[in-house]
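Mind looking over this structure? Questions follow.
The chains carry the letters A, B and C, assigned in the order they are written, with residues numbered from 1 in each.
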Amino acid sequence: MPRTDTATATPLAPHPDRLFAADPGARAVARTLYEAVAHAPIISPHGHVDAALIADDQPFADPAALLITPDHYVLRLLHANGVGLEALGRADLSGTGTVPPGRQIWRNLAEHWDDFLGTPVRYWFETELHDVFGLTEQPSAANADAQYDHIAALLQQPQMRPRALFDAFGIEVLATTDAPDADLAAHARLAADPTFRGRVVPTFRADAVFDPSRPDWRLVVASVGQAAGIDTGTHDGLLAALRARRQYFIEHGATATDTGVLDAGSTPLSPSERARIHAAALQGPAGVTAAEAVAYRHDMLFRWAEMSVDDGLVMQLHPGVVRNHHAPTLERFGPDTGHDLPGVGAFTEPLRPLLEAFGTAPGFHLVLFTVDETVFSREIGPLAGFYPAVYAGAPWWFIDTPAAIGRYRSAITDSTSFTKTSGFIDDTRAYCSIPARHDMARRADAAYLASLVVTHQVSEEDAVRVAQRIVSDIPRATFKL
Amino acid sequence: MPRTDTATATPLAPHPDRLFAADPGARAVARTLYEAVAHAPIISPHGHVDAALIADDQPFADPAALLITPDHYVLRLLHANGVGLEALGRADLSGTGTVPPGRQIWRNLAEHWDDFLGTPVRYWFETELHDVFGLTEQPSAANADAQYDHIAALLQQPQMRPRALFDAFGIEVLATTDAPDADLAAHARLAADPTFRGRVVPTFRADAVFDPSRPDWRLVVASVGQAAGIDTGTHDGLLAALRARRQYFIEHGATATDTGVLDAGSTPLSPSERARIHAAALQGPAGVTAAEAVAYRHDMLFRWAEMSVDDGLVMQLHPGVVRNHHAPTLERFGPDTGHDLPGVGAFTEPLRPLLEAFGTAPGFHLVLFTVDETVFSREIGPLAGFYPAVYAGAPWWFIDTPAAIGRYRSAITDSTSFTKTSGFIDDTRAYCSIPARHDMARRADAAYLASLVVTHQVSEEDAVRVAQRIVSDIPRATFKL
Amino acid sequence: MPRTDTATATPLAPHPDRLFAADPGARAVARTLYEAVAHAPIISPHGHVDAALIADDQPFADPAALLITPDHYVLRLLHANGVGLEALGRADLSGTGTVPPGRQIWRNLAEHWDDFLGTPVRYWFETELHDVFGLTEQPSAANADAQYDHIAALLQQPQMRPRALFDAFGIEVLATTDAPDADLAAHARLAADPTFRGRVVPTFRADAVFDPSRPDWRLVVASVGQAAGIDTGTHDGLLAALRARRQYFIEHGATATDTGVLDAGSTPLSPSERARIHAAALQGPAGVTAAEAVAYRHDMLFRWAEMSVDDGLVMQLHPGVVRNHHAPTLERFGPDTGHDLPGVGAFTEPLRPLLEAFGTAPGFHLVLFTVDETVFSREIGPLAGFYPAVYAGAPWWFIDTPAAIGRYRSAITDSTSFTKTSGFIDDTRAYCSIPARHDMARRADAAYLASLVVTHQVSEEDAVRVAQRIVSDIPRATFKL
């Protein structure tokens, strides 16, 4: 509900000790650990920033279009508190509605600032508004217009262009997420540009080819074939085209794939069976049963690992998200509008066929992400604690929070220490939140490590070393960067 | 096992700082937050006190009948430690056994006081015995008779009558839970009584009409029809009768319904299909298959939401409790004897049809409770963090404890801050424990908020404001009080 | 990955306050509680040390054979970090490979010491290397040979023989785990030996007879019959033989059975149905369907409880472990090589038939263990909080860690205090780690109890008493020792 304004603005001043424990001893250790990594370069091996944004280096549009409308974390919280998606700038797909001007969208955020209290979304926002945009007051109805104008003006300045921010943020590597038929032209432009010294690498994401029950499956299969110049009318053709596309991505700097599936089932099919389902699915959505579509998808996950063993691309996997839970919102506003929801996680049983085949294959890296915390101690930690191929992915999306990072570290460290973890991933479309998110993770890890130090489970010297590795050689090794 | 007595009694003196963190800085903040709400009126939007208790305002019977025999929290712990239910005053339904006098029942509690150590049941009991009954020694075999006599004498005094306690406890609103055919006479008497200034509102609970496989289903359906003056021989008739009864409750002050079901499935049926199953079920328990009974129940949950959208009653839902786990105890002593047990929680998938239809309906409030903690971060938080209709119910029953409240706040705040939570519900039959339970929740919330303050995630000023809202406008808004 | 050596060795000096909270107040209380139990005798009611080890009292072989090769906790972490099982001393079952000398195996551990950072495995190892073997440097590539030689020399000394260590460790009772056809000769020798004053008791574990789909089922059934002198060609015969074997174990000091099954299903079969499946299974693996094998196993779990009610043996149950997840490793190196993995836990529903029949049977003790933490608050705590027969087993295997012990205590204490818990079990094959493991649990419990004391939920006096009971009369009562 909208907050009643007070005459006096509340200061916005992120505290230098935030997220560190209250106990003075623990706090001092956390500070030491944090300081050892606070200014380390950012390695961002998994995210959703568009490479063209960096390549084109155009000024950002208005504050709402930058910070609110495209960010489903922000949208869902405002929506939950009664602000419709149109009022937040998402156009009704029917074309019948109208979206308000950016200034009004920003006011919606400011009036509901209280509804973000205590959330990581507000935490990132505060850091970002302060550090990137130089604001010193908490947003409120009273200062909404002034803050909007301040940011809008700032966005026109050269130091706020994407490339200038890339440098200012201290980004060393930024991985994007790209469609299987992508030409990667922006990546190529950046690589060829001697004035750009950063590293922007693509990630191969081909979820649509996994599932023949998807309405866009035939389109994507055809498009992958066209991009690869290989006929995907047969299953072997599709596999060959995918291998070719992966190679194309590798040539453009990719070190990893990313895959989101409903479940992690990985039972392989016989060549004849997968050929048969592929051919049937090409006849149209009615060509395969639901069970056949699932079997095809499970087989494809198996093939995905097989390809990774062959070409060396790191395999990222995040099953268990229920996409587009609210059909009326999907129909009206499209996907990524805040109603993808966590499902029950399961890895140990469904991944068994894949791990029996490839779990000990030299050089194979399989990074497991979840939105269901219960699997950290029960499944992901123990799997990463036996299989050389398995890495425990950082907490992500709904559980990308200081408290959840603490629970993740506690559960995973017990099973498998630090070397088999992924390091932080920001997974964000919100370019300007990248430093805030990495900073939060570094603080949360410092707080966790400090708790081990003050309980004498790890020496401070070892903790400093681990903190440094978590932001450098651990993600580099996991993602082969 | 019984505790060996010591010559010296152990003092009973609840500490003013209990539940606050040990760190002096965090403790000071928690104190400040707690003091801001310690004496706020009690809003109790969900509980099981009988309205007639307040309306009749008779003195309570003996201490055991007040504090032990009807409280299944106390019964189950004594039973787990070897005290039979008869020895605790529950009559054998066959009429063959005998229950001991209250004094002996009290002695059973006193001798097993050690078996409650560290539990919230003992925590509430200690606060209640000290604050309400003025005891200053921990119960023990040595002081059992003296404490029993002390309480028994006190219960005869006028200041210990239910209405005097209502005022002394500072209760502003107390919601009861009532059968769908209830005449709500006690509520009417209280509303009409100018000498009673409190507010006691009914809650519409009609679990039995949901499930045609229940032995009492036909009886309740008929009884609802009689109470409403509407023929429930057809499904449309039953729906009309239920709407009429809801309206009757609204006229008597109700703002909410409450529903406990085995699972949260909510797939609607076609009118003809639900009419058919209804008619078949009226032929007797053999008239419907198990699958039909489940389908009927899922449809009824959908109708329940539909009715709430129409009449504005808040819909409370708590699926996932396995009722009467131990059949021999049920047969001998009846229900509510300590063996209702938590089941696995699930909301995201089963509630999908209901939420697609009503999740964004204006004014619809759906409060989700669970006894399975794993769903806080995975399901309830994310649902409340997108759907305007969904509110995250406070931890309840088995997880109504200081530690679990902390885990709930941590999981839910990350997803959806504070405004989409329910505020505390005491859910109790134990009238005299109400202040102790609310006080515990206020302390636990103060401790949680203090942890955010000292880690600089929330300012102390904001935390005070949130603490105050949690006991006032948040429950008022959620429950439309 | 291997650690880069530093010139200076890192000291190995377990801190006297380790695992206690950083806050000075909480730490002081934890110290007091720990000191009250630090030197209490060790009661080890569940473990995997071979009784012959104590009976024979031979010097241990080399350090690697003692501390690395047989310990699947250590194996799995090294394997996860790229060290093959052969390099750790596990012989390839085909006989084609060669295992390196102990000195080289030790070097593998030392080079990967960093990959154990923060894990309980390293924690135990540090305590053990320091307290038992007198090492004062953290293992490293630089000191690997010297440390190996130091331990190897020490193992030849008389004070390092198993019996001398038994006394030095302060073990009062050690329970072993034994096959159903075991002759228990080593136990008998120890009992008859007036020079041995310790108590080593067998535990009856007959998992193989539960599951007729196991390849070794017929062999074990025959072997049990032979050991009992009773024909196991009929199901009644098998039950009689098992009863006889249990009696034999009782005569040799056993107080408990132990059972690991895939799930806790306990639905009984009719006598004719179990007789029929038994007879069919004796025809060979093809004789029974998968469903029949499961039904037989569930019935056997029911019978197991029935036998315990009759003969008084405590029933330990730990369902939910997925054994031998990686078939290629099983085929090459055999079982217990680090890829048994946790599965989803479930107790409330599957145990219902068993508990309805025996949950209130006088003297029946059923101790429930899990590797899935989610069941502590949802299932095990509530079951132990109603059924007199049910005890909440300590966190075990993957969750036998300081952090998980804290979560266990928090979840279980809320539901059922301390008297219905098992006390610590070390469950270890690693004889020399026993004191380190018990010491860790005592510290973790002291830290948990201190957290209740400083938040004024339990008095320090009560906490001291509980800490003492947790290592003495609670395990003695639970396990009837």
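The rule is short, and it goes like this: contacts are C-beta pairs under 8 Å (C-beta built on N, C-alpha and C of every residue); 3 or more make two chains touch, one makes a residue touch a chain.
Here's who's who by UniProt: A, B, C = Uronate isomerase.
Please read these numbers as outputs of a predicted model, since none were measured by experiment.
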Same vs different contact residues, subunit A (Uronate isomerase) with subunit B (Uronate isomerase), by half of numbers used: different
Inter-copy rotation, subunit B (Uronate isomerase) to subunit C (Uronate isomerase), in degrees (Cα atoms; steps of 5): 120
Centroid distance [mean C-alpha coordinates] between subunit B (Uronate isomerase) and subunit A (Uronate isomerase), Å: 40
Residue list for subunit C (Uronate isomerase), restricted to those that touch at least two other chains: 21, 23, 374
Subunit A (Uronate isomerase)-touching residues of subunit C (Uronate isomerase), taken from the complex the two chains share: 1, 10, 14-15, 17-23, 76-77, 79-82, 114-120, 122-123, 322, 325-329, 338-339, 341-344, 371-374, 398-399, 401-404, 447
In the complex, subunit C (Uronate isomerase) residues that touch subunit B (Uronate isomerase): 21, 23, 25-26, 346, 348-349, 352, 355-356, 359-360, 374, 377-379, 381-388, 390, 410-411, 413-420, 451-452, 454-459, 461-462, 466, 477
